[in-house]
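Common to both upcoming complexes is chain A, partnered first by chain B, then by chain C.
This part shows the complex of A and B:
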């Protein structure tokens, strides 16, 4: 029957099976490529991959740094500040739009339009307007996620049942108290959901920008090592990126459960 | 019965000729660069047809089918390394790493950088010593960094005392043109060199690659294994032949400007005047004689030693590739002038 539940043991086995299948497929692919050319570096064998991993985590002779540590630090800081300012801005704008019809009428059209422009296309504009330093990454991510998040906040505010507002007013709440105690509580879990969805795009902008102007960071390393054909470094980096995104998602889910435990959701 | 046999024989013969008339396909990956766009222009002018299964005049002459694959430079290198193309347009420096996993033969030298890679500085910097403590931006581990390090060496400076910071040449040129803070020096290549100098009259060239002629070489490299395939050598000769045919069009006064404009079309938004300068700074090895002279010179051996040492020092290569010279030599990278000679011998 459609939608019939399965036992937990099946969940686990199937999950492990899928990962194993991926690993086996990779091994076959790599072995086939190495039969063609034993020195191939484009689909590295497991021993080549372990070399690449070693190279990324060991202290590098020339730069005196561990690549993966330096890159993770740079990329996560940029991502954090970018998302931080994007969320702060969108919360402010979204709240204002949800509360005041004047602001709504003024900001809704440009926001709806901007939300549809992929920031990658704006890369050159950001280089021109915000330079090529750290500020640029932060500005770019902030502006990249802001329109969508602001719309989310604004729609969430609009969704709050009018009865709740009337009730709060009847009980003698001030405007600020309503924003703080009623609207914000309602908006927060939805905002966190939206952030979870926006982390993906934010990473896309960030990696793309790092590929072009970075001198440290995941995007920089991947481009450089790709050009040097060191795919044994590139693949592990991609896995790290995946884990990175997964970690952020997990943390946001926990945060959501913490700030609004009433907002129960699957996953 | 007899008729059927005759028919069968005829059909078989037809199939045979149809099969024989289908020459083997070899691919060449190229990116936009003055002397490499030559192959794109060859396609436009019908000398070769870049699509597989269609032949241009030169392809017919050599009995091979050249498939052109255009991409950005970095993906071209990856394509070659992954065995997805038989030949690639690449510099003598970038090919070293790829040659470790896929031994190759330099079948043709197309041009050398003679001012096309330059260190552009603001008026704040009058002498190379002023660069100390300043960030010099350019693409790391590329010919830009090589050009920078070699020029410092020539000027008697120690590259270790200078800071080279990675940035895409296009982005670095843009930032320089905008006069962004902390931007006093960039090392970029054309069209960004001319573009930046055009936009910022207060900037000047501190040094460029004209001090190291024939050291940064743009060339076509073909994998050793593809060369050994049937008709592989004909393909190599055809590539050289096509390149020289286009150079003849550039030498001819009636087709010169037209060809230059075609070469520059996707390369940059520089005008004809600037494109004339571009082809001076990217000096073409326009005749088989020039390229053969380069391949046979002792200077090239010296250059390759320098380039290999640089790559080892900068950890661009994991181990030292064997560079060999002349027909029949073996190594990771072999400079073999035989195909240039073959193209010249069959006009």
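This part shows the complex of A and C:
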């Protein structure tokens, strides 16, 4: 029946089954390709892939560093600081908009407009304004996620029933305590949900920018290895990127359960 | 002993746009009373309640609240304050706090501020433990000691309302306002909570006998006539149906107090027999709820007269 839950064992089995199916499909595809062309590099065989993985994790003689470590470090730092500033700005703007009507009237139109522009389209503007260094990546991610996150915070504040605010006042709360102890507590889990959804777009902006102007990072490496048709390096990098996103999402879910246990209990 | 006033509403009028809602409302509530406010839908009961809470101030007139532990001092309401507790029908509790945290929330807000909690953390922790202990005692009083760690989403509607009452009572407000508090509950739960309020009224009577100030004064807005007569010791009717033409108005000026009488007093263990106030119920229906009624507004304001007669009948101490 629609919506009927299934046993946990089925959950796990079906999940593993889906991954296995993907691996089998890749194996069949790769084998067929290599039967037609034994030197094919576009869909590498498992042995070619292991060579690519080795190349990524071993110390490179020219740069004297492990590609995957250097790239992961660069990309994650850019992502962290970009998301950090984006979240901080959106929290401030969203809270102010939700709490004060004059800020709402002032900021809502530009925010609604900016939210509709894909940050990749603004890449050239970011290059001009922030150069092509680390600042540009952070600025781009921050500005990319800010409008949507600020709107989420603003709407979450608006959702808080007026009765709860009135009640807090009758319990002796100051204006600042209403913001800190009532509104922020309410907004936090919804903000984390929105960050989870924005991690994907943030990675898209970052990888795209790294592909264009980067000298280290996942985007740079994928573009470079693709140009050399080293797909045995590109595919493992894509898997690492997926795992990277999955890890961030898992950490955010854990954070949400820790800071807002009430939300997970079916508010 | 003369009861001091807890609330005084003088010449209160309010409206929305050009539409008048409340007209010249006059009401005085004495300390220790449970006053039930009834009236037809849309007559302005909630508007009056909001004016008392202070979230929507009236266009004209004043609301004065008298608070204090031994000596009562009055102040005109200009906004919400901790001397008035409120229990709403919905959204009674903060969803992100457990039952015990909800009850302790007021103590935290009232006795500490953000900088104290951040910069004097060890002292705050000690105080927090005291607050939670007090909150547990209040939860025990409303019969929910075992639900202390549950979130509102894990509790039934009745449990939430009990916690909301405890949350308001722990602040020892001069006036506890209840806005259709049991409207969304089933009959059994409603009865249980009504008995809980009657229990609080008994605490008032006990304090009065000892010559102390009554701890609980309540103003309950309800659309249920039986509930008003069963729980309240006084019933006030607010209605737009009164003889406003006779009073010199060309247009309906809005609702005003048209009924104010004592109600029978029940104890929590008494049998719930609504037939004993059938006559008064019919009278309220006719005076307050009947669109065709056009009584002069003062005709059924008998409470102060009744109180005087009651005092005269009481033996001298």
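Definition applied: the second predicted complex is superposed on the first by the 264 of 267 C-alpha atoms of A that agree within 3 Å, B and C clash if a C-alpha of one lies under 4 Å from a C-alpha of the other, contacts with A are read in each partner's own complex, and residues count from 1 in each chain.
To be clear about the criterion, a residue touches a chain if its C-beta (ideal position, glycine included) is under 8 Å from a C-beta of that chain, and two chains touch if they have at least 3 such contacts.
Just so you know, these numbers come straight off a predicted model, no measurement behind them.
S.K.: Scan A:262 for contacts with chain B and chain C and give back first, second, both or neither.
M.R.: The answer is second: A:262 touches chain C but not chain B.
S.K.: Pick one for A:108: touches chain B only (first), chain C only (second), both, or neither.
M.R.: Neither partner.
S.K.: Per the contact definition in the header, classify A:81: touching chain B only (first), chain C only (second), both, or neither.
M.R.: So A:81 meets neither chain B nor chain C here.
S.K.: So, A:213: does it touch chain B (first), chain C (second), both, or neither?
M.R.: So A:213 only meets chain B here.
S.K.: With the two structures laid over each other on chain A, which partner does A:163 touch: chain B (first), chain C (second), both, or neither?
M.R.: After superposing on A, A:163 lies in contact with chain C but is clear of chain B.
S.K.: Tell me which partner A:185 touches in the superposition: chain B (first), chain C (second), both or neither.
M.R.: After superposing on A, A:185 lies in contact with chain C but is clear of chain B.
S.K.: Check the residue A:174 against both partner chains and state whether it touches chain B (first), chain C (second), both, or neither.
M.R.: A:174 contacts chain C only, not chain B.
S.K.: State whether A:26 touches chain B only (first), chain C only (second), both chains, or neither.
M.R.: neither
S.K.: Can you list the residues on chain B that touch chain A in the complex?
M.R.: Of all residues in chain B, those touching chain A are 74, 77-78, 81-83, 94, 97-98, 100-102, 140-141, 165-168, 170-172, 174-175, 178, 180-182, 225, 314-316.
S.K.: Give the list of chain A residues in touch with chain C in this complex.
M.R.: For chain A paired with chain C, touching residues are 161-164, 166-174, 176-177, 180-182, 185-186, 260-263, 265-267.
S.K.: Under the stated contact criterion, what part of chain C meets chain A in this complex?
M.R.: 53-55, 79-82, 84-86, 88, 90-92, 94-97, 105-106, 109-110, 113-114, 151, 153-154, 167-168, 171, 173
S.K.: Would you mind writing out the residues of chain A in touch with chain B in their complex?
M.R.: Checking each residue of chain A against chain B gives 33, 36-37, 39-43, 61-62, 124, 127-128, 131-133, 211-215, 220, 223-224, 226-229.
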